[in-house]
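Both complexes below contain chain A, partnered by chain B and then by chain C.
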Partner chain A sequence: MEHFDPVILARMQFAATALYHFLFVPLTLGLSWLLVILEATYVMTANSVWKDTVKFWGKLFGINFAMGVATGVTMEFQFGTNWAYYSHYVGDIFGAPLAIEGLMAFFLESTMVGLFFFGWDKMSRVQHLTATGLLALGTNLSAVWILIANGWMQDPVGAAFNVDTMRMEMTSFFDLIFNPVAQAKFVHTVSAGYVCGSVFMLAISSYFLRRGQHVEIMKRSFAVAASFGLAASLSVVVLGDESGYNMNEHQQMKMAAIEGMWDTEPAPAALTLFAIPDRTAMKNDAEIKVPALLGLIGTRSFNVVIPGIKDLVAQSDGRIQNGIKAYAAMVAIKKDPKDDAARSVLAANGKDLGYGLLLKSTGVDPAQATDADIHAASLTLVPDVFPLFWSFRIMVACGFWFIALFALAFWKSSRGKFAPNWVQRAALYSLPLPWLAIELGWIVAEYGRQPWAIEGILPTRLGASAVSAPEVLTSLIGFVIFYTVLLVVDLTLMIRYARRGPETNAA
Partner chain B sequence: MNGLRNSSNVLRPRLRRSLLAVIVIKVLFLTAFWALVLKPQIHHVDAEMMQQKLISQSVPQPE
Partner chain C sequence: MIPIPFDYGTLRLIWWGLLGVLLIGLAVMDGFDMGVAFLNPILGRTDTERRIMINTVGPVWEGNQVWLITGGGAIFAAWPALYATSFSGFYLAMFLVLVSLILRPVSFEFRNKFSGNKRVAWDYTLFMSGLIPPLVFGVAFGNLFLGVPYTIDTLGLPTYHDGLVMGFLHLLKPFALLTGLTSVAMLATHGAVYLAAKTDGTMRSRAATTATIGMLVWLVLFVVGGFWVAHLDGFTTTSAIDINGASNPLLKTVAVEHGVWLRNYQAYPLLYAVPGLAILGAIVAVLLIRAGRFATAFIGSGLMVACTIATAGIALFPYLMTSSLEPSQSLTVWDASSSPLTLWLMTIAAVIFVPLILIYTSWAYYILRKPITEAQVNTPNSNLY
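Up next is the complex of A and B:
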């Protein structure tokens, strides 16, 4: 047991709970707006087939919602158990969007979900549609606040270190909520949720259309999913590109790692389509490259250079030198709070304090650091390139596949071709792909940020609590069992009630 | 009021009971897990402890 590293276990625990939670969230995000579209059509046409359609998909939405609710709260537990230093250091900023999410979005969503399920006989059609719309709005608002918090971890704007309280404190709430990284992440993530909901609806509609069952309901569902999915899949790629553009400005190491770009190339850089990255040798094997493409996508120009990993490591050596100065100033201020000279040094080098802490996180006292120690700390900034490189490529491939799938489905449905066909079969087999793409997207965003908990500010290792490996392992096992049972129950209910089909004679 | 008056609920009683049972079990599990396993692991960190962590204390490294 003593061979387990509690920080690695704590990271595994957070990853496991986040990845499980994110199996439920995207379907809620996507299906909620699809329900609004279906119900709005029912309100406009008064055709009961649309109502039966809403009810069928609403039932599956309900199963997913009931299974997913409270699966995110376990991550907040972990801020207190495994990440107590992180919580102190950045809680002043990070806590605000989380609290607003609970107060604003979760309560709205929870209230409206009750009205959606139990208000059919008690409200007018327009009132019920309003409740469904507010339910969709609530789920999306929830994503706004969570992604504002997450966006701040990727690009910590609107905050400054206070040496007297030993934590980061918010300087601008406006900067926090209008952080361009957070905005790009939000629209990309919710669009991915819309794709997930659309693939889900398209696949299940295809299942019934291929069997010739519930045709009236399923052809409507197929057409709505194809249209909404086509718009969403185009958005997810365009907005993902915006996210990548932001990354090139704020997280250059992550960008270089995703692209397996060890050396800086003359602008515009080539895009590596295929490679086997070797982190130890800092090179790629079996590369296949497309000239100029990465430079054009990543910088939207012909002449802006994208730095490679080796150059970024060299630049980090300089930032760590500044960080050592900031760290020494912090130590001096803690000894003598009236040391104005030290406060001036900290003010001048404070933006690189995190790099001094990075050195500390590698077990080296910044006051005693040698050049070799500094370079070794810089090398820890290079994430594992292989999983990032391939996670990103599989995610992007899924994104382009969804565009093709929805375009074909849209073409078929616009021509009224709902008889069993190969597009329906492709849709059915594509059912797991949105979840695969979304989970890989999370890995790219969060694993790619390592070794930082907060980019350039707080190394992950310094944010961890002083918990023992057995303690973290116990809670990790408990969470994994809990979530696995939930997932099995969810899949069982989902498959059972999806196969049963709509409860109507309309078809 | 409209054609919705005689409609049934989206969730049939059996499914509603199943989902309710899942939510209740989930809340009970999380409450028990919190009380027995997680609560004893909660750490409160203040400025002094943060200073200790960042300045004085050596950071344990992975094996």
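Up next is the complex of A and C:
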């Protein structure tokens, strides 16, 4: 059992449960607004075809929503079980958006989802539409707060270290919620959810249109999904670009890694389309580059330089030196809380305390670190370039494909062409792609942040609980088995209920 | 920045109260659907009866479960040290709770999409999901009185000094088992009262009988627990307390003394009204059930649930979690909170949103107020589970 590292196991558990949870969330985000659009049309036209349409998609929404709610609890509790030091160290800031999410959004969506399913015969049409609208609003407000929390992990604004409590504490709530990184991430993530919901609806309605079944319902669904999806897919790419711009300001290492940029290039830097990055040799094989493009996207200028990985590593040596001073001052203050000299050293170097912790996380006592130790710690800042480089490229390719797909679908539906055609076939085969793109997007965002749990503040390794490998392994295996069984059941039901099609003329 | 109108100690006290509100909200609201899940294969003799039971909570369980999620988020934000220490300490127990919390919605959603033995299997996952969380939460609460084997280092990292399986089995001490059973009895009873209010015919009379028996079981366990706790070794702070001090749980000294858990009741005898109200709530609920006033009886059982939790919380105050290895490292209201700014912002959020939540939740319950009948669940193409 000593071969297992509890921190690696805890990371695997977090990655597995987060990626799993996010199979359900984006569909909830997108499908909820699509339900609102369909139901609003029903309320306005009083044509019961629209009601049958809402009910059909609603049933699929329900199976998915239950899974999303169920697996979300794991995400929250896991911070406490596997990441106790993280919880202690940043709970003062990170906990607040989670709690507010519950109060503002999650209660709303979860109460309204009950009315959506069980309230058809008990409410007026407008009341029911209101419940559906509040459901969609709630799901999206949830995403706001979760992404404020996640945005803070990428760019920890509005917080400072307090040596008397040994943790980060909030200094500005305003900075926390109006963090530009969080704002861009929110719009990018919910737009991706809208794309996911639209592809889902487009693909399943294509399935029926190709078979000539339920045509009245499916051609309406197809048209709504095409127009909503077109707007959403454009928004995803634009806001993804905004995230890239923010990343260049706040997370230069992640930016350099996803671009496979080992060396700083003269501005404007070239964009690498294809490469086989080699982390040990710190170089790319088989590169294909487009001149100047990266510099334009990343800095929106011709003359701002984007630093490469090697330069970023060199810069962090200095920050680790500052971090050692801050760490030593912190230890001195722990011994004598009235040591004012140490307090002023900490005040001067506190912003780099995280780099002292990074050194500690490599197993070196910051008080005894040699230059070689410091440089070795700097090198741990280099992320795993290969998976980031390729995850990012596949995600972007999917994004552009969605724009094309929705444009084609929009063109077909605006001309009233719903007879079996090749766009429907393309839509059907595209069904898994939004999930692929979204999961890869999270891998870029979170794996690309390593070795930090909180960028520049808390290394992931130090955030873990003092639990043993067998404990984490037990729960990891437990979750994998349990979640796999659930996924099989969920997909079986989804496919069965999707294939069964709508129940027309329901009461 | 607008100055915070309360001092740190007051904010901490407010958040101790709000923690109580959230735990009570969880037990009263999510508790009844756990009770219904637990009773499902016991009281429902046919598939139709079980579907009736499930559909009484079908439209509301999702909203109810949010009390748990918000409660977790609020502990994270307001009591980060408690969040870190308790969740990582009760490791295997939390895993069991998580699995059962996932099983419950999944069972609701999936059960009616299967038939025969597969459907019956979901009835038993539902039963487990109604049994395990109340049991584990009750056992955990009991262990807070007994002390838990953890220490906290100077950097603030909590470590739980017990193995995986033994650490879990050691939680099952006699007193903790009693509090666990009290919790299960309380929520099963509360669920039975809810069922009586939301069903009719034989299902209703069966639920009413179960509720009456459940009240008696709960009463015995609650009273035994009350006498038992008076004879336990309790925790008491022996150094000066600065209620406005920094949140560092390593700066005080705590002694273990026999019988001190009733000190708050002895200091303020008026507080005995809280356990008194729990018993009164149970009695009123039984009388109202016998009078056929089922919906009003639910208020009585809600009072029972709320005051049972308040009774335990008042006894523990100011302790949030106690260490059996290093009693001085126990977490209290005065040294385990988040910063004044975070507590204040969270207070504002709670003051704005809790009333809104109560308003739309009431609206939803009003719309769904009619009992579930056999005719309804047998209607083809219905929206029910």
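Basically, the second predicted complex is superposed on the first by the 504 of 507 C-alpha atoms of A that agree within 3 Å, B and C clash if a C-alpha of one lies under 4 Å from a C-alpha of the other, contacts with A are read in each partner's own complex, and residues count from 1 in each chain.
The rule is simple: a contact is a pair of C-beta atoms (placed from the backbone, for glycine too) under 8 Å apart; a residue touches a chain by one contact, two chains touch by 3 or more.
This one's a predicted model, so the numbers in the text were calculated from it and none came from an experiment.
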item: Partners on chain A (chain B, chain C) - clash or fit; value: clash
item: Which superposed partner A:48 touches (first chain B, second chain C, both, neither); value: first
item: Partner chain in contact with A:159 - chain B first, chain C second, else both or neither; value: neither
item: Touching partner for A:169 - first (chain B), second (chain C), both, neither; value: second
item: Touching partner for A:148 - first (chain B), second (chain C), both, neither; value: neither
item: Which of chain B and chain C A:362 touches, first, second, both or neither; value: first
item: Contacts of A:467 with chain B and chain C, given as first, second, both or neither; value: both
item: Partner chain(s) touched by A:326 [first = chain B, second = chain C, both, neither]; value: neither
item: Which superposed partner A:89 touches (first chain B, second chain C, both, neither); value: both
item: In the superposition, chain B vs chain C on chain A residues touched; value: C
item: Which of chain B and chain C A:114 touches, first, second, both or neither; value: second
item: Clash-bearing segment of chain C, relative to chain B, as chosen among 40-48, 58-66, 94-102 or 328-336; value: 94-102
item: Those residues of chain A which chain B touches in one complex and chain C touches in the other; value: 55, 62-63, 66-67, 69-70, 73-74, 77, 80-82, 84-85, 87-89, 117-118, 120, 123, 164-167, 334, 465-467, 471, 474-475, 478, 482, 486, 489, 493, 497, 503
item: Residue ranges of chain B touching chain A (in the complex, touch as defined); value: 1-12, 15, 18-19, 22-23, 26-27, 29-30, 33-34, 37-38, 41-51, 53-55, 58-59, 61-63
item: Residue numbers on chain A that touch chain C, as the complex places them; value: 55, 62-63, 65-67, 69-74, 76-77, 79-82, 84-85, 87-89, 91-96, 98-104, 106-108, 110-115, 117-120, 122-123, 127, 134, 162, 164-167, 169-171, 173, 334, 465-468, 470-471, 474-475, 478, 482, 486, 489, 493, 496-497, 503, 506-507
item: Chain A partner contacts - residues on chain C that touch it in the complex; value: 58-63, 65-66, 68-70, 72-78, 80-81, 83-88, 91-92, 94-95, 98-99, 101-102, 104-106, 108-110, 113, 154-160, 163-164, 246-248, 338-339, 341-342, 345-346, 349-350, 353-354, 357, 360-361, 364, 367-368, 370, 381, 383-384
item: Chain A residues touching chain B - in the complex, by the definition given at the top; value: 3, 5, 7-8, 46, 48, 51, 55, 58-59, 62-63, 66-67, 69-70, 73-74, 77, 80-82, 84-85, 87-89, 116-118, 120-121, 123-125, 128, 164-167, 330-331, 334, 357, 360-363, 365, 461-462, 465-467, 471, 474-475, 478, 482, 486, 489, 493, 497, 503
